[in-house]
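The same chain A turns up in both complexes below, where it pairs with chain B and then with chain C.
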Partner chain A sequence: MDVLFLFEWLDTSLLAQISKSSGGVFAAVQTVHLGAMALLGGMLLVSDLRLLNVLMKDVPVQVVMENTRNWITIALVAMILSGIFMASAVAIKLYYNMFFWSKMAGLVMGLIFFYGIKTPLIRGDEFNTLNPWILRLVAIASLTIWFSVAASGRWIGFS
Partner chain B sequence: MGKDRGKDKLAKLAAGISAIIILGWAIFWSTQVISVIELLELAYG
Partner chain C sequence: MLNELLLRLAEWLDSQAWSTDLHESYYLYNWIEATHVLTLMVFLGMLFVIDLRMLGWIFRDVPASIISKRLEIPMFIGFSIMVITGFLLYYAIPVRTTQSIWFRIKVVLLIAAGINALLFRNAMQSPVNHWDADPVAPKRFRIGAILSLGLWTGVVASGRTIAYDWFDCHQDMARFLYWAAGCVNELAELD
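== the complex of A and B ==
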């Protein structure tokens, strides 16, 4: 399914008018985007490195996961909303950018992996019976996915 | 009992998907070494 029409609509929307005409607003939203990215990266690092038993070894895994999950959700919402605003300024250009699609694919994969696999796996009492190597594998896969999302995002700026 | 079985299935699924992601990522990027070097040169000179 071709979604070019969505990008054409975004390119002519009110959001695009604001993002293209007001550099100050764009910069402020970009600050939110980068702040949310830092928050997301930090929380993911904490939770995945705890799963790998690298840091905070004296705090139970489930406590670390509980405390990071809400911040990850807040960061994702902020990133997606601010990202849509920023994308509206260059919507057509992004549609033809391979790294943008690579980032979106990674983001979708990351969301499914985080909410569909990692979070339910760690919830509940049965967690203690899990093989630690499965948890390590999940942590490495999570870091791999989110690193790819960040790297693709950075590469949008180069292309 | 049922919960344990569900968790077992989820654990197997998590292990399988994680292994596919890690292996796929490693295989893909190992075939792209030259492209990555060219891209880095393009980006950083």
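== the complex of A and C ==
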């Protein structure tokens, strides 16, 4: 299904009018986007490095996961909302940008992985019987996915 | 005086072949910039966790000193790479960056954030720390955490705005802004 019409709509929306005409608002939203990325990155790193038994070894895995989960959700919401605003300024250009689609694929994969696999696995009753290698693989997969999202996002600006 | 010195230093850096090569190297420059942003995420992400713990918004059941000590090393690694890549980005475009009011604001905020972090760290490591296991840190630590969050948000915001030319020297600006941006030649023309 071609979603070009969505980008054409975004390109002529009120959001686009604001993002294209006000550099100050755009820069402020960019700051929110970067801040949300840092929050997401910090929480994911803490939780994944704990799963890898590298960081905060004296704090139980489930305590780390419970504490970081809500902040990850807050960061994702802020990142997606600010991302839509930023995308509205260059909607058509983004539609034809390979790195944008790579970032979107990574983002969808990251969301499915976090809410569909990682969280249920750690909150599940069988958590204590899980092979530690499964947890390490989950952490490596999570770090790889989110790194690809951040790196391809950065590369959008260069292409 | 200081503006002249900074400009001379920037012009000297700019005259070096490596500076030009770095600026003109598409992949190297972009990889350095990408690394700068990614390590900013590592550093700032860890800092967020520590500051939010002080405010009692995360890890309320884990002693603050454990959070602070365990995250110190990754935070330091992120900070070190961020500073090195930041210097390389400056080295690639020294004159325009030196004359960017946003870069100057960023440096001032960085220094303020550094002093705040140093005071914070010293107070954290004080032997008379009775509140370590409390869900919320005492008021002065909460103020320090809010200051830290505010200052770093300012660093990110001013870093982002360096790319904009709103107050570049070629713009028509008030004398104070020329001085604040270090527009030495434009100031001399006004005199």
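As a convention for this text, the second predicted complex is superposed on the first by the 157 of 159 C-alpha atoms of A that agree within 3 Å, B and C clash if a C-alpha of one lies under 4 Å from a C-alpha of the other, contacts with A are read in each partner's own complex, and residues count from 1 in each chain.
The working rule: contacts are C-beta pairs under 8 Å (C-beta built on N, C-alpha and C of every residue); 3 or more make two chains touch, one makes a residue touch a chain.
The shown structure was predicted, so the numbers you read here are calculated from the model rather than taken from an experiment.
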Can A:155 be said to touch chain B (first), chain C (second), both, or neither?
both
Identify the partner contact of A:2: answer first if only chain B is touched, second if only chain C is, both if each is, neither if none is.
neither
Check the residue A:120 against both partner chains and state whether it touches chain B (first), chain C (second), both, or neither.
first
Does the superposition put A:144 against chain B (first), chain C (second), both, or neither?
first
Counting touched residues of chain A, say whether chain B or chain C comes out ahead.
C
For A:42, decide between first (touching chain B), second (touching chain C), both and neither.
second
Contact residues of chain A, present in both the chain B and the chain C interface
155, 158
For the chain C and chain A complex, residues of the former touching the latter
26, 30, 33-34, 37-38, 40-42, 44-49, 52, 58-59, 61-62, 66-67, 70-71, 74, 153, 156-157, 160-161, 164, 166
Please name which positions on chain A make contact with chain C in the complex.
23, 27-28, 30-31, 34-35, 37-46, 49, 55-56, 58-59, 63, 67-68, 71, 147, 150-151, 154-155, 158
Note which residues of chain B are touching chain A in the complex, please.
3-4, 7, 10-11, 13-15, 17-19, 21-22, 25, 39, 42-43
Chain B-facing residues of chain A, complex
109, 113, 117-118, 120-121, 124, 126-127, 129-131, 133-134, 137-138, 140-141, 144-145, 148, 155, 158
